[in-house]
């Protein structure tokens, strides 16, 4: 089973990358943008085939390694 | 309108980060993993409120800046 | 929000400190004012437990241009050249978020140096971790090293030396001390003293966000089990913006429009504006609506206490605003006139047309608390007894292997290889020797720098440990052929409210002072980090000394590598 | 000989290259990324550093800056363009050179001396070179050269590889590959060989007091070839 997770910076945390990408897009003529935020994306392919169990495992991985909850949030966005 | 995009490495491109994360998770006792792939995630908040138009714009941004099509693929995963 | 004693205590103030605030103001402060007092009066900004002892350190010398009290110390190296340098701790944030904590530590110290008009030319760092076996050590070490490299490499400043140690007393409280050296022409040094009335006060750099609100208070509190709750106070660094800020500031500094400049470090806009006003014996008036903000609806309290990185405050000459703005526009940085200097000797803040703070500057600075804390001699650890007989059974080879494989002794190349140590094209002694050496660009002179600490010595005997560490710094500099000139110090200790920890501090500082007086090796800048402890147990006393020396002709530099076979090897000293 | 060095926001080896070019006889001009026109140049150098903080992908945003249009035209007209480190990354992102530079295999920034073997001397950068193997300095986080199977075939067929990581005797093997680069590639040319990108920094090795002097040999040879 393949679980997809998205990790984003918390709302009030500075996203230096997003800021510069926004400026660059603006300079390229994409002027309608309010904000760009960059995050990370993971696809974790596990042997576990039970959706609930697989998601619980990934939830644990996110908490223990993949995110630093000081500045980031995570969300499981798909399982297949 | 906020468009979410996921950018992933093409299948045949080596993902050393994913590999190291896999190994680390394995070492932490998550032994059921087949593979971990890391990608990027963007949330682009545009003034455009027409879903089709907004997505078309983001599609263009991805092609012109956000992805390097030699190694990456992108997918719009949500619009709200 | 109602301000009362409990709220003051929640801000880290003591009961009698809160009473003192009310007495000084002759009223109860509002929430913004309370925030300002708590930031200015905490240990990190006010040095309330250390000032009493620090004043005994020797700070003058014939090469000293600026001693402690400015953003960094400055020494004269002849021919109108001067070196600006300082070391700074970022211990607590690095434990919570090792990458960002270490990165912003490096960013902060570089800002201190270029605020004075100097281009940073070398970085150093002193990092201390718990036992290599401890479950957190590996991640912390990795994160810190990546953070230091991530910021310094992006800035294009070489990291030329450092120090790494492991000891279980840091298991719950690692140390990350970062040091920067910069080069400036002696007649182009900038200070933070505001002067003149009605001069525009300018904000430049990044926007203000809600990051690190109360970071300075966190640096003054010890870790306990509730550490998770303190998490959101960590800031994210943006070395790219800092690189732009560096170039923009140096470009503006090339002219003569700046009266005073101060970076926004701990306690952000609060401490920078108050320091400038205090040094100039002036008042400052700020319209907080003019401050560039990253988030909508930030309150005056948040704006004043935000620790967003990569920001500066400048007092300009009248009429230079347009010219200055052009420079910051070119570098794509925020620029805003947010206030002016006044003769009120007060800090006066306005928000939405309302006055939201009105505090006499002297109550925040001169009247800040100073404590001569109780202390007692720390109990010295027991001597380790090794019987003569035992020595005889040891094999030299085994002993050597054991020493060389000790994490505290083994090569640190895997660390410094992750730091760009050759950018700027003047690094003539890389990490791996006794001290790093960089040429002063375009001259025959070179500057040597080393950072040292020896917690075990200081723990075994604080007074001698304090002396030894200054001597070690001296030896490292003379070993590369440099004449030692001055030092900066970062004093990492446990709680000053614990009499034994305070005792370690007092005696170490005394030792430091004695050795540096004796060697004519004055202290020109420094930083104190207290409350390095987990629960009630303090770390081993860890003063880090950053020494700087001069090599008049870089061709006379000495390196430690053996040069040819059949040379005679001598041991000197006693 | 006239050269131009382009400063992007975040470039940090621009001064170092300026020093090196002048030392070996170039009349060098610094050019701002936001400028539209290149000054008259025999050589354009894109320096190392962290343009735009290396955010998104290294070199990606710099490749969109104003001056790059002129650089593109200049290169298409046969002008000599050299990218060092971040400059190399910008050149691949702008399409002037094939491939991409991925994160180093061991995920760590590497700063050290390496050896590189010159593969192709039939161009103005390495013609009449006295050396086959240089000791150069590298300092990067993303130097892991990669391209598709078809591309690598084309690159080899056109003899576009400029430099390989090797050991000091010129052996090209895994031990001498510091970052996981495909086939140990340290530098590539475009088809016409007027555009060169390389990860190593010759400008950091132009003085006996620095990491070495092989950079001096490189620059001396370069200016002679361009004359």
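By written order: A, B, C and D. Residues from 1 in each chain.
As a working rule, a contact is a pair of C-beta atoms (placed from the backbone, for glycine too) under 8 Å apart; a residue touches a chain by one contact, two chains touch by 3 or more.
Treat the numbers as computed from the prediction; the structure is a model and nothing was measured.
Novice: Which chain pair shares more contacting C-beta pairs: A-C, or A-D?
Specialist: Of A-C and A-D, it is A-C that has more C-beta pairs in contact.
Novice: Suppose each chain is reduced to the average of its Cα coordinates; what separation in Å results between chain A and chain D?
Specialist: 34
Novice: Mind checking the centre-to-centre distance between chain A and chain B? Centres are C-alpha means, answer in whole Å.
Specialist: 9
Novice: Cα centroid separation between chain B and chain D, in whole Å?
Specialist: 29
Novice: Counting only residues that touch at least two other chains, what does the list for chain B look like?
Specialist: Those would be 65-66.
Novice: Give me the residues of chain D that touch two or more other chains.
Specialist: Correct list: 52-53, 55-56, 61, 64.
Novice: Of all the residues in chain C, which ones touch at least 2 other chains?
Specialist: Within chain C, residues 238, 240-241, 332 contact more than one other chain.
Novice: Of all possible chain pairs, which ones touch?
Specialist: A-B, A-C, A-D, B-D, C-D
Novice: Can you list the chain C residues touching chain D in their complex?
Specialist: 146, 149, 153-156, 238-241, 243-244, 330-332, 416-428, 430, 439, 554-555
Novice: Chain B touches which residues of chain D in the complex?
Specialist: 56-57, 60-61, 64, 93, 99-100, 102-107, 144, 146-148, 151, 180
Novice: Okay, in this complex, where on chain A does chain B touch?
Specialist: Residues of chain A touching chain B: 4, 6-8, 18, 21, 24-25, 28, 30, 32-48, 57, 60-61, 64-66, 77.
Novice: Where on chain C is chain A touching in the complex?
Specialist: Against chain A, chain C makes touches at 96-97, 100, 206, 209-211, 231-232, 234-238, 240-241, 294-295, 308-309, 332.
Novice: Sort out for me which residues of chain B touch chain D in the complex.
Specialist: By the definition above, chain B touches chain D via 12-14, 16-17, 20, 65-66, 68, 70-71.
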